[in-house]
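Labels run A, B, C and D following the written order; every chain starts at residue 1.
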Amino acid sequence: MIMLEERWRELADVKDELSERDWFMGTSGNLAIKVSDKPLQFLVTASGKDKRKRTNEDFLLVDEFGHPVEETHLKPSAETLLHLEIYQKTNAGCSLHVHTIDNNVISEIYGDRGEITFKGQELIKAFNKWEEDDILKIPIIHNFAHIPTLARAFSEHVKEDTGAVLIRNHGITVWGRNAFEAKKILEASEFLFRYQLRLLEYKPYQLFKVV
Amino acid sequence: MIMLEERWRELADVKDELSERDWFMGTSGNLAIKVSDKPLQFLVTASGKDKRKRTNEDFLLVDEFGHPVEETHLKPSAETLLHLEIYQKTNAGCSLHVHTIDNNVISEIYGDRGEITFKGQELIKAFNKWEEDDILKIPIIHNFAHIPTLARAFSEHVKEDTGAVLIRNHGITVWGRNAFEAKKILEASEFLFRYQLRLLEYKPYQLFKVV
Amino acid sequence: MIMLEERWRELADVKDELSERDWFMGTSGNLAIKVSDKPLQFLVTASGKDKRKRTNEDFLLVDEFGHPVEETHLKPSAETLLHLEIYQKTNAGCSLHVHTIDNNVISEIYGDRGEITFKGQELIKAFNKWEEDDILKIPIIHNFAHIPTLARAFSEHVKEDTGAVLIRNHGITVWGRNAFEAKKILEASEFLFRYQLRLLEYKPYQLFKVV
Amino acid sequence: MIMLEERWRELADVKDELSERDWFMGTSGNLAIKVSDKPLQFLVTASGKDKRKRTNEDFLLVDEFGHPVEETHLKPSAETLLHLEIYQKTNAGCSLHVHTIDNNVISEIYGDRGEITFKGQELIKAFNKWEEDDILKIPIIHNFAHIPTLARAFSEHVKEDTGAVLIRNHGITVWGRNAFEAKKILEASEFLFRYQLRLLEYKPYQLFKVV
């Protein structure tokens, strides 16, 4: 149970940091961290909590079906299925789902293309893109109101131990081998999105340029 | 009196949170929370206070006419009448009036239409809009300098236990069954406004598209 | 000396609040608060300090010529002359000079006209403009590098106990009867500037409309 | 070793301040401070750390070749070579490399010209430009993925004890005689960049005007 407490604290620290940036507006967003592999168990955000407060009901432990491991009055976040896809298909240890203005606007502007690409921007190194010609692609999927359908669409883009997927007008989900890496991917994504939006104000033709 | 203290603390916490975001610029804004139903009594912001400080003169208890329950040197906020409309017509327990750049700009851009609508944006779920085709409408009313006139115009849009009304160039008033819900409605509204404003920079034709 | 300590603490509190908002970038900005009328003495920012730190060398007491009252190694801010104009010509008790992106951009865009006007925006009430047709005018003066010349140009607009003057590409100076009022004027000004800049993005023709 | 501890604390304070502004997104950025001249030794950011946390492994001491002075499991930042150029060619005591949205966007918009210039903006005084006609030039260099090549391109612009160089889509590097001055240069640069970007939204022709 020491592992459980440690992971809880790690996830709570990430939550505090993201909520300081106001990245959970209107109780949006959810977070998860893996506690054990066999059997698969992970902590996930309880539904309907104020993420600016730190309480001992912020998360609950769920199993490989996304069901609570123990009896509880807490309800796992409606989007637990997306986190589940990540832990079933990769070695990721932490996954974060966050709504920001920037990721929502980017997802709408580039939504019809199904992806946004970045090249020649130093911050793509956070995704282990080190060469001058490397290209980072972040897919954008349709926001199905039916969560199992959304989870299937999402699953097609879950292939590596780190990654990021935009859901159109519904935020981003990122993952990494641990909380540090997931947070790094998230911060780099948000930086790139805001950079791109600002740049479009001055170089509007880029909106139509596919790398 | 335990209820009174508890509600005071709740409202003071909301005030602290909103003032951290600088949502009370120039001493603007006011807040209220219901303490009892029969007789109707609620706490409301005292006039002319610095909302970044937490003191025991931040709020005062008023009755069903918006008058102080006890003799006091404190003056209820000039806009107490708007809060009163909410508690008289619904089961709301908390109401918040806040000026932000985003809500002021939205209220001016969409003011002539009398409302702003949102569709296909995940955050409208905060308003209990769960279906893919659901539409959220937030009315925008004229900013009458005469407060009783303003309160009457406002009252026409106060129908449910949760809601939001924009006053042109004069902020937003939101309400919910409790402080948690009022804050959720406020945060979701602000998110949607900023999202819409940013989107308009890249998809300007949307300014003229009515959903 | 109790008055001196009290005023010092008040001014230090204002400094802390403004520096949290990053309104003193690159060691810019300066603040003053009156300590006595006869003889005129006021505390003013010492030159070249990091305004994000709170030390007992942040301010020094100066006289009706802007000279240090006691021998000191501290140098009064180069713009002490502007604060002096305020205390000599009005009953103001506190004055604040702050550079923000918004006030600098507004001062450049509207600089050729020599002023910016606001009407129909609720926040002008902070300037005691309560009627629906009231107009707020904030003058914009040329940024003379020679401080005595700048002080003379500034002085022409110092007529009342509260006020605000923009210096082109050189921030704003506001004043009020006390620290609370000066801060209110400053916050309302910054709100109005940002509001106007955002609005111009959507209603660009307003750039050419003089109220 | 007292000097070493003092410099460490100074650099950690700067790191805290910049990280509060979110200027190290995605683990980007690095900082250095000189500890001794003969032999040249300076503290520099250890690679791959979360800069929002303050730990005793945040920095390590390196020599005139950028190699660790003592055996350690810590790796100096990949960009230590750039800091080294500064300490070898000038009397600077502190150097900061930071990625912000503003400095990245400016570096891309003005990148083809190889520099950005400022005139008539009060904040250039932070660079000791005091006359009304003074011009500040900040060079923009190509972002070579090969760090020694980048360091050579960077070195061409390292001539004085204070300065600033933009790397295209790769942030800014600033330096000054001590931590206070380096931070002042950084803040003034960021202010000027954001000012220029905002101004371009309203005066787009300035994009094509070379001072």
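The rule we apply is simple: contacts are C-beta pairs under 8 Å (C-beta built on N, C-alpha and C of every residue); 3 or more make two chains touch, one makes a residue touch a chain.
Because the structure is predicted, anything quoted here is derived from the model rather than measured.
Visitor: Rounded to the nearest 5 degrees, what is the angle of the rotation relating the C-alpha atoms of subunit A to those of subunit B?
Guide: The best-fit rotation has an angle of 90 degrees.
Visitor: Go ahead and note the Å separation of the Cα centroids belonging to subunit C and subunit D.
Guide: 31
Visitor: Starting from the mean Cα coordinates of subunit B and subunit D, work out the distance between those two points in Å.
Guide: Result: the chain centres lie 44 Å from each other.
Visitor: For subunit D, write out the residues touching at least two other chains, lowest number first.
Guide: 201
Visitor: Chain contact topology under the given definition, line, ring, star, complete or other?
Guide: Shape = ring; chains linked end to end, path closes on itself.
Visitor: Quick check: in the complex, which residue numbers of subunit C touch subunit B?
Guide: 17, 21, 120-123, 126, 130-132, 180, 183-185, 187-188, 190-191, 194-195, 198-199, 201-203
Visitor: Of all residues in subunit A, which touch subunit B in the complex?
Guide: 22, 25-28, 50, 52, 99, 101-102, 104-105, 108-109, 143-145, 167, 169-171, 197, 200-201, 207
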